[in-house]
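First chain A sits with chain B, and in the next complex the same chain sits with chain C.
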Partner chain A sequence: MLGLDQFIAELNKSISMFLPETALVIAFLVALLLDLMFKKSKNLTGYTALIGFLVTGYFLFKQMNMQSTAFSNMFVIDQFGIFMKWVILLSSIGVVLISFFTNELYEKAKGVGEYFTLIIGMAFGMFLLVGSSNLIIIYLAIETMSLSSYVLAGYTKEVKRASEASLKYVIFGAVSSGIMIYGISILFGLTGSLNLFEINRFLAANPVNNFALFLSVIMILSGFGYKISAVPFHFWTPDVYEGAPVPITAYLSVASKAAGFAILLRFFKVTFLDSVPGNDSVWTLLGSIDWHFVIAILAVLSMTLGNLVALWQTNVKRILAYSSIAHAGYMLMAVSTMDDAGVASVLIYFFMYMVMNLGAFYVVALIANNIGSEEIDDYNGLGYRAPILGICMTLFLISLTGLPPTAGFIGKLYVFSAVVKAGYIWLAVVGVINSVISLFYYVKIFRNMYLNDVDSNKSKLTYSPASIVLLFVFAIPTLYLGIFFNDIVKWASYSANIFMGK
Partner chain B sequence: MDLVGLAFYFLAALIVISAAIVVFSKNIMYSAFSLMFTFFGVAGLYVLLNADFLAVTQIMVYIGGILVLIIFGVMLTTRITGVDVKSNSLGKIQVGIAGLLSTIIAISLIVVFSSTKWFLSEPKVSGDSTKLIGNELLTNYLLAFEAASVLLLIAIIGAAFIARRK
Partner chain C sequence: MLSDFGVILLFFIIGFIFVGVGLVAAAFIRPSHPNPIKNSTYECGEIPIGGPWIRFNIRFYVIALVFLLFDVEVVFLLPWALVFKQLGWFAFIEMIVFVVILVMGLAYVWGKGDIDWEKPKPYIPSIDDLVVGKKK
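Now for the complex of A and B:
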């Protein structure tokens, strides 16, 4: 046991490195209290959330070049984590702003006080997950973000499909986190530790039963796979994405996925990297299990199933749900290379994916405000009834397909080149075929908006100028990052280094 | 077989059988009551593992708190007690696939548990485990402790929100 003075000194140091997360917890508590005190105010907790996120951003900015562990090696601060935390933070801000313009939330729920409070809580869970290097913290963080997202998915209680979405999410979530903690217990039984660094050291020094290790990691993967909605852990995705309020769907598809990918990458690198060879940029893995292949299988399944099933969907939110499964597949492809170039390409992809996906969902929310539907047939002629929305939606869809000159193209370019560089040509080929398939259903939305019901004499859609400004906040980066992407690429390559402990 | 071994098998049988009743019983009252035996069995396992604090907590929290709450909930919601829980409305294909998967998983788990060389730590001095747990929670596991408190707060807010009248 530590001496008291030594412990307090260490605690002070840890807390000083935990400031972004602390800011989130404080914002969470303040929002909770303000909501209790001022019942009538409409968006008070929303503004509190925004201020809290800005303060978090300030502390995160001050951590930029830090690399350390805190709280007895339970928590890691490194460039990789900070990049992912930026993605989560920016998308949290984006989601709060989108929520302000989503009528559904204000009409069908009784007050939005808890809504923004829970968004802050979820952001805290994701921050914790990104930085955790201990299986207990991983589990707690996943539960924190899951519990908040269960409630958020069903926030519009009056809407039947939202309650259904929430219930399905809870059931699938409970099962997968149950399987995950079972896997954790097996891994603990094999190695005698919950700390990823110590597990790594143990695996390097002692041979363990391969089958038991394989089984435990697959079980833990089911927890991560559930968060990133990779096949075969994706069953909840379409129903929850369709039923949840649009901003929450966007949040689940971007931030929640970012946190899942962050912990997936950290788990594999920290646990299985053989640190002896010295050159860390291509990971040499411990043990004889072919993890590349396991992840590559998940990638192929996710891409193919996501894209093929999306072809038959008639609801835009469902299409985007299956497309998000497919996007998880593209990113898993880069994860399966298990080298630093792969990590960098996942980071680049996420930054681009964040902008374009939030944008696409925002357009869906604005259209739903007017026509109250997300069915693809109701999108007929919308390109003429709402020209700005139509043009922006087209831009986001092109970007999601991965065509130049948009952000999505750059993301895909780096992912595919990382995969090819690592020598997985067959995987890249599957990826390219899938991108072509995906073009079909993205174009379907576009076609309905511009080629069907051209001479419609239905009224034009109305939207406030502020909502259009926010739309440009997503649309301009989607174009800009497709052309001037050097800074993001540099930042991502610099952040690809996952901290391996002392 | 020594006394500890006998006690283990007795408790394990108790847990498995009562857990099976929880799942398969069609009357929700029977499920709730047999859940009590499951919890007791688990507490017994903790005692066998020298985890006295955990065993007492298990009894106090799960049986004293959660289970009593469940039973009260069931009894106060008059409509539930009479309703049979339907658990056999699945198609044959689903049951077949689920059964196959479960069998595969069960077999691989049995293989793992019987063939693996587990990590065995040195037996520590047993004694005042409460004090040790308290110290660990507020030093090495401080972050987990605090994170759990935020998690519980979120759970309470969520539960209150869902339960609130429209």
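Now for the complex of A and C:
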């Protein structure tokens, strides 16, 4: 045990490493207060959130090369976490900006003050989750982000399907976090510690019952799987994505997933890595359970189910929901390789996925502003009624399919090459076949936009110049990163090294 | 030898036996003269009205949540107060921050009007209600 003085010294040191999260908490409190004081103002908390995110970004930038633990090993700061935090932060800023242009939020009588406050709260939960190395902190962080997201999913509570989405999300969330904490308790019972580093040391030194270990990890996986919406923990995804306001759907599909993948990777590496001195870019895992295979099964299920079910959907938000399940599958494929190249490819994929997915959802939001619908049949002829939206949507969809010269292609390229390099040819084949299937339903959207209802004389859609500027903020990187991807790749491979404690 | 968990199991078993033996012994020894008053639910000396399976007003939950906020605060304040002298200013400021955050929670609930106890307005019948066929 630490003495009191040492403890306070440790605490002081930790707080200086906790600055990005502290900035988020302060932004949250300020937004709360401003919302109380200025009830009339429309977007005040939104601007507070943006400023808060920028300050967080500043502190995050200053942490770029740090590698350390804080709060008695409960919290880790490493390059891997910082990369994921950037993804979360950038997508938070993107979502706040998208929200400004989403009419369905402003039709609500209660105003959007609490909405932006809750987004900051959710971002805080995700920051905590990305950096945690203690099972209890992991659980608390998941709950922090979940509680905010439950409310956000049902924020337009006058809309029936939003309330339905929120309720389904709460129920599935409660069940999966219940299962997860049961798994945590079994793992604690087996190893006598909640700290991932100590669990790793215990597993390296002592043999444990394989069945109990397998059961507990599968249970914990159900909590992570729920966050990344991997099959078979995906049942909430389509309904919640369809019912929630579009910016929140985008947020859930990018940031929430990034946090889930971050903790999944950290959990597997820190808990099961056999830390023999030398080269650990290919992880040697402890114990005799084949975790590669477990994750590979999840990946195959997610990809196949996501893509096959997406074929039959008629609502664009539902198509994107199933496509996000499929994308979780592609990334799980890279996780299943369990080496640093795999981690790097997940990071690259996430950066690309963030840009293109936020963009696609933003177009959906802009179209819904005008025609009040997300049904694919209502998209007929939109390519001519709204040329800019049509072109950008096509770009995002091509990128989501993974065709060159877009960002999505680079993401997929690195994922597949990591999988092939690790020797899982069969898995890569399944992934490629799935990409081909996915082309069908993505093409269906822009076929409707350009080939159906060509000479309709319906009015053109209206949108403000500012909203088009924001659209280009997503569209240009989608194209740019497809061609000049070297910096992201370098940064990701530098960040792939997950910190293993002292 | 018992493991740590074995001791807990033993504790449970002994607990159940202890309670069970007491109840069974009491059932043999005590006199049994049931009557309606003795069998009724005790409610602070009042005669209970209606069934217990009613819906509670949702506002109780808000009050309970706010209560919990400050209940937890006290749990943290007690150990803090015990070692306060050794910890010094650092802990003082830290606790102030903690309390301020909690107070903001209260201010928020208050400002949003969630702890206002709005009474339902009673409907006072007027003579018009008695007129047959007239719609309100």
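One rule holds for everything that comes next: the second predicted complex is superposed on the first by the 498 of 502 C-alpha atoms of A that agree within 3 Å, B and C clash if a C-alpha of one lies under 4 Å from a C-alpha of the other, contacts with A are read in each partner's own complex, and residues count from 1 in each chain.
We take it that a residue touches a chain if its C-beta (ideal position, glycine included) is under 8 Å from a C-beta of that chain, and two chains touch if they have at least 3 such contacts.
Keep in mind that this is a model prediction, so the values were computed, not measured.
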Joint occupancy of chain A by chain B and chain C, clash or fit: clash
Contacts of A:Ile8 with chain B and chain C, given as first, second, both or neither: second
Chain B versus chain C as contact partner of A:Leu128, first or second or both or neither: first
Touched chain A residues, chain B compared with chain C: B
Touching partner for A:Leu308 - first (chain B), second (chain C), both, neither: neither
Which of chain B and chain C A:Leu32 touches, first, second, both or neither: both
Partner chain(s) touched by A:Leu118 [first = chain B, second = chain C, both, neither]: first
Offending stretch of chain C which, after superposing on A, collides with chain B (from 6-14, 42-50, 96-104 or 114-122): 6-14
Common interface residues of chain A - those touching chain B in one complex and chain C in the other: 11, 32
Residue ranges of chain A touching chain B (in the complex, touch as defined): 1-2, 7, 11, 14, 18, 25, 28, 32, 70-72, 74-75, 110, 114, 117-118, 121, 124-125, 128, 134, 136-137, 140-141, 143-144, 147-148, 150-151, 154-155, 157-158, 186, 189-192, 202, 208-209, 211-212, 215
Touching residues (chain side chain A, partner chain C) in the complex: 4, 8, 11-12, 29, 32-33, 36
Residue ranges of chain B touching chain A (in the complex, touch as defined): 108-109, 111-112, 115-119, 121, 135, 139-144, 147-148, 150-151, 153-155, 157-158, 161-162, 164, 166
Chain A partner contacts - residues on chain C that touch it in the complex: 83, 86-87, 90-91, 101, 104, 107-108, 111-112
